[in-house]
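Here it is, the structure, as structure tokens.
Chains: A, B, C and D, in written order; residue numbering restarts at 1 for each.
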Amino acid sequence: MTKKPQLEVEVGGIRMKNPVMTASGTFGYGEEFSPFIDLDKLGAIVLKGITLKPKRGNPPPRIIETPSGILNAIGLQNVGVEVLINKKLPYLQKFTTPVIINISGDTLEEYVELARKLDNISQEKGIAGLEINISCPNVQKGGMVWGTEAQLTYKVVNNIRKVTTLPLIVKLSPNVTDIKVIAQAAEEAGADALSLINTLVGMAVDVSLRRPKLANISGGLSGPAVKPVALWMVWQVFQTVNIPIIGMGGIMKAEDALEFIIAGARAVSIGTANLVNPKAAIEIIKGIEEYLVENKIKDINELVGSLKI
Amino acid sequence: MTKKPQLEVEVGGIRMKNPVMTASGTFGYGEEFSPFIDLDKLGAIVLKGITLKPKRGNPPPRIIETPSGILNAIGLQNVGVEVLINKKLPYLQKFTTPVIINISGDTLEEYVELARKLDNISQEKGIAGLEINISCPNVQKGGMVWGTEAQLTYKVVNNIRKVTTLPLIVKLSPNVTDIKVIAQAAEEAGADALSLINTLVGMAVDVSLRRPKLANISGGLSGPAVKPVALWMVWQVFQTVNIPIIGMGGIMKAEDALEFIIAGARAVSIGTANLVNPKAAIEIIKGIEEYLVENKIKDINELVGSLKI
Amino acid sequence: MILNIKVKILSQKEVVPNIYLMKLKAPEITQTALPGQFIHIKCSQDYYPLLRRPISIHRIDKEKGETFILFQVVGEGTKLLSQKAMGDELDILGPLGNGFNIYPQSQKIMIVGGGIGVASLLALAEESIRQGKEVRVLIGALKRELVLGEKSFRSLGAKVDIVTNDGSYKHKGLITNLLEEDIQEGWLPDQIFTCGPKPMLRKIAEIASKVNIDGQVSLEEHMGCGIGACLGCVCKIKTKEKNNNKEEYDYKRVCIDGPVFKASEVIWDD
Amino acid sequence: MILNIKVKILSQKEVVPNIYLMKLKAPEITQTALPGQFIHIKCSQDYYPLLRRPISIHRIDKEKGETFILFQVVGEGTKLLSQKAMGDELDILGPLGNGFNIYPQSQKIMIVGGGIGVASLLALAEESIRQGKEVRVLIGALKRELVLGEKSFRSLGAKVDIVTNDGSYKHKGLITNLLEEDIQEGWLPDQIFTCGPKPMLRKIAEIASKVNIDGQVSLEEHMGCGIGACLGCVCKIKTKEKNNNKEEYDYKRVCIDGPVFKASEVIWDD
């Protein structure tokens, strides 16, 4: 009988039992998935993007299926940080799994105030880190622009860095000419880790109505369709920065997750897969472990960035 | 019995029987498809990207399948412009369908010289126009960079414009932060039309070998997977420029083509679909005609950009 | 308790053109399933299509532990579903949603189903009758061949009326007219439950509010997760507070706050 | 003439574990098909998988107008193919490629097939024998259960030898050793035709050049179009001119310049 492989990873100061996290917006506030999986088995939980004030979001339809992918335009509907803190976080404190808050803002001030608020109660409410969403394609103001210009990225990250000692994960947009430049800006501004990719901007047309299928016209593309793009960006960024990378984009099974890890991701996030199979994250953890055993790899960390070229 | 709808379109001075073209690199030099379809029925034929000197291309594997898409890294293997002119074009002169040459270069000089050469023999060899590929992700030098910076785009198009009166179609890369800016630069530099999108850069990893699946490491993603991204870019560019747009990216059936036309494409190009179904282009023409009849639209041009928002 | 399980298909047949009735062996589901709830079905083995498809629970047979669904083929997902055969396994998520709310004090129940909307109403009729209510059912269809569930509802002991838009069977015209007639003729229900095309639901909501009786409508929206996590499936629902009597609203999730909503709370724009 | 047609599946069976023999009604194909050619098959109805799959023509029955293919399940496409049943239609493109070139003057033909490589060689043996050649066949497999085509080749009248890597059946060891023995024992073929794993092909190319006889190998590469248009399927083939005796090469298309190449012209790197 072989000894169990070591699955623990550390991402920007956050220690995880395994490298499998849940992607923001696809895992709700965690509780929704407790009927299906033991939340304690996850590497980390990233919550639905939160803003200072509650957000109503975009009109429906908000989700459209495309070949091997989905377009979503939720528009960051969320309960607002107060309700998050008082109603949502307490449930998650029952678990040992690190909880990461995904934050968004229309203005620099909103980002900073939100970060400060969360920093204040992080001990008492058990917040392991913040993921800064500078790449949401589905909101009018702010959103993605922060992630498409290096200076802006530097600015928002740097200002948040000043108000919190929490591990900062910066979530990058794939809708850029050179993601390496943005990644570097985030690193220099004090990010502890990067997560990529957020969704690719896309749209779909109903030819009988001659209308966009999404009420919001455009949406964010995710799912297996985007995996090749996401992998390439992870590999590019891995060769550029020294901070750990959380890879995501179309991970449906263990093999997909392993592709990202081999390409340089220290951890991976499961997104769209949660909408199809609520047990996806757990099955992927199991599959990764099996792969390590078969390939006689003692520690998952040996696999990170092991791509032979 | 209803009168046949009008399918003719004009794209940057090129008159076509219908809006369905073949995408460069997926239709060879045309002749390969003559066993399956009547080349005279196509709107236009765009040939495999050509360079001044013959190009050997990348080592295999060059094509990898991904969910609802393919990654290719051909590396612009081609016979060179001399052989193209003397061996390939004569066959195509037997047909009435406009032939468009897709040109690439490592340097500005190469682009210009290639354009001049083709301009010289365009009458005698029946060349209807040039498609300038400034978006090939699969070659070391040149290639995509021309299409990722507005100034460079302007420069290469403007210099080519000076040496030829042939209709110039500029083929844009989707791997940019804001395709509208590149589109405008091309228009200002004298482009007669734009075609988009070329492939998205991506990669795939073989987890058992821990190697990239493509010998070239990265490749260009095409097929149904990219359609939402392509549609969004066409819609964006349609609202920005005044020259006609050739839409492409994942068009497999008539409905896909109609999505692009409704989003603002004057014509569409069929790419990956040719590799799966050699009759795809013809079937799509038929499907478009049926749609026009059903919806009592007399002229395809009425449909262009008719998206209701 | 929501489950994600694989269940066996016991039978499948095309009951009217392009509409299929499927019987599933799912004791775990029937135990807790309520009328108006739905299951979320993975129709393909792969990514084409990728997402699950929400389908109402049509009938619940607690003794046999069998669940029925009735669905119309409209696209890729339902097409694959219609091609499944007896013995095949189906990956389902459920029971999902809130279901209809039958008030104990209600005596007269009116059930109105348009087209495939009938699918979510049979279990409701069965339960209402079990509770000793007087149940009337109005079934609407485009034409004779497409009338759904007439026998099933009758055999439960409900009074069934049928409307076809083209008059090819029973009453001609709109189902909502028939509803108004019934009410005018004095059969005033305590509750109206309905499912079907949006314009029909909207009209019924108006009728219900006019005679102010409780109306409950089952809504549809494109779904992702089906369990309240992705916020993909929302509809506009009035909030208590109005600001200077302009209707205020929130986006509520059809999958978990619904699919059944109070007719009076739904905002029917577009 | 290359055709894109839908053909009927006449039969399908698993001949050895995970390897299937399928019979197709395809008179249009058999008319012109040559040994060593292949067909390009759309295994799915949809985009999963998207591309066609190249499969060799295993046997050609001109009288009956039937084409056989022999394939191993290795992934999504071949899995779907193995799930097809008698009566199903198959969308194929073919016949494709150049096929093997049997020289008129050849008397002795050696055919070497490793693993599933045997698939492309049966029609070749049949044709060689029809032309009155003396044919020897060497079949290699990992173990007894995986030996392919022994009977079929024998029944044609070829002398058949078998090698299993684990020695569980007939000779133990490597098929290439057996080939060398045959040659040492004086049976020098005029041509060697082979298909199978790359290392085996490479070794056979060496052997053929050592005793300088014509060797022809059937290569495999990932394909797109299958008709020479996309340049996706290339392999390294020596060009005539060397520059200062460094081998010069071009990338040739397996789908149309091949799949059969002169063993002496292939560059076997990686």
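Convention: a residue touches a chain if its C-beta (ideal position, glycine included) is under 8 Å from a C-beta of that chain, and two chains touch if they have at least 3 such contacts.
Because the structure is a prediction, the values reported are computed rather than measured.
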| item | value |
| --- | --- |
| Topological distance between chain B and chain D, in contact steps | 1 |
| Chain at maximum distance from chain B, centres defined as averaged CA atoms | C |
| Cα-centroid distance, chain A relative to chain D, in whole angstrom | 47 |
| Gap in Å, rounded to a whole number, between the CA centres of chain B and chain A | 34 |
| Contacts with two or more other chains, residues of chain D listed in rising order | 47-48 |
| Numbers and ranges of chain B residues touching at least 2 other chains | 67-69, 223-224 |
| Overall pattern in which the protein chains touch one another (line/ring/star/complete/other) | complete |
| Sites on chain D touched by chain B in the complex | 1-4, 42, 47-52, 93, 221-225, 227-236, 250-251 |
| Chain D contact footprint on chain C (complex, rising order) | 46-48, 76 |
| Chain B-touching residues of chain A, taken from the complex the two chains share | 66-69, 71, 148-149, 175-178, 200-205, 207, 209-212, 217-219, 221, 223-229, 231-232, 235, 250, 255, 258-259, 262-263, 291, 306-309 |
| Complex contact set, residues of chain B against chain C | 67-68 |
| Chain B - residues contacting chain D, complex | 25-28, 32-33, 35-36, 48, 56-57, 59-65, 67-70, 72, 74, 77, 223-224, 252, 272, 274-279 |
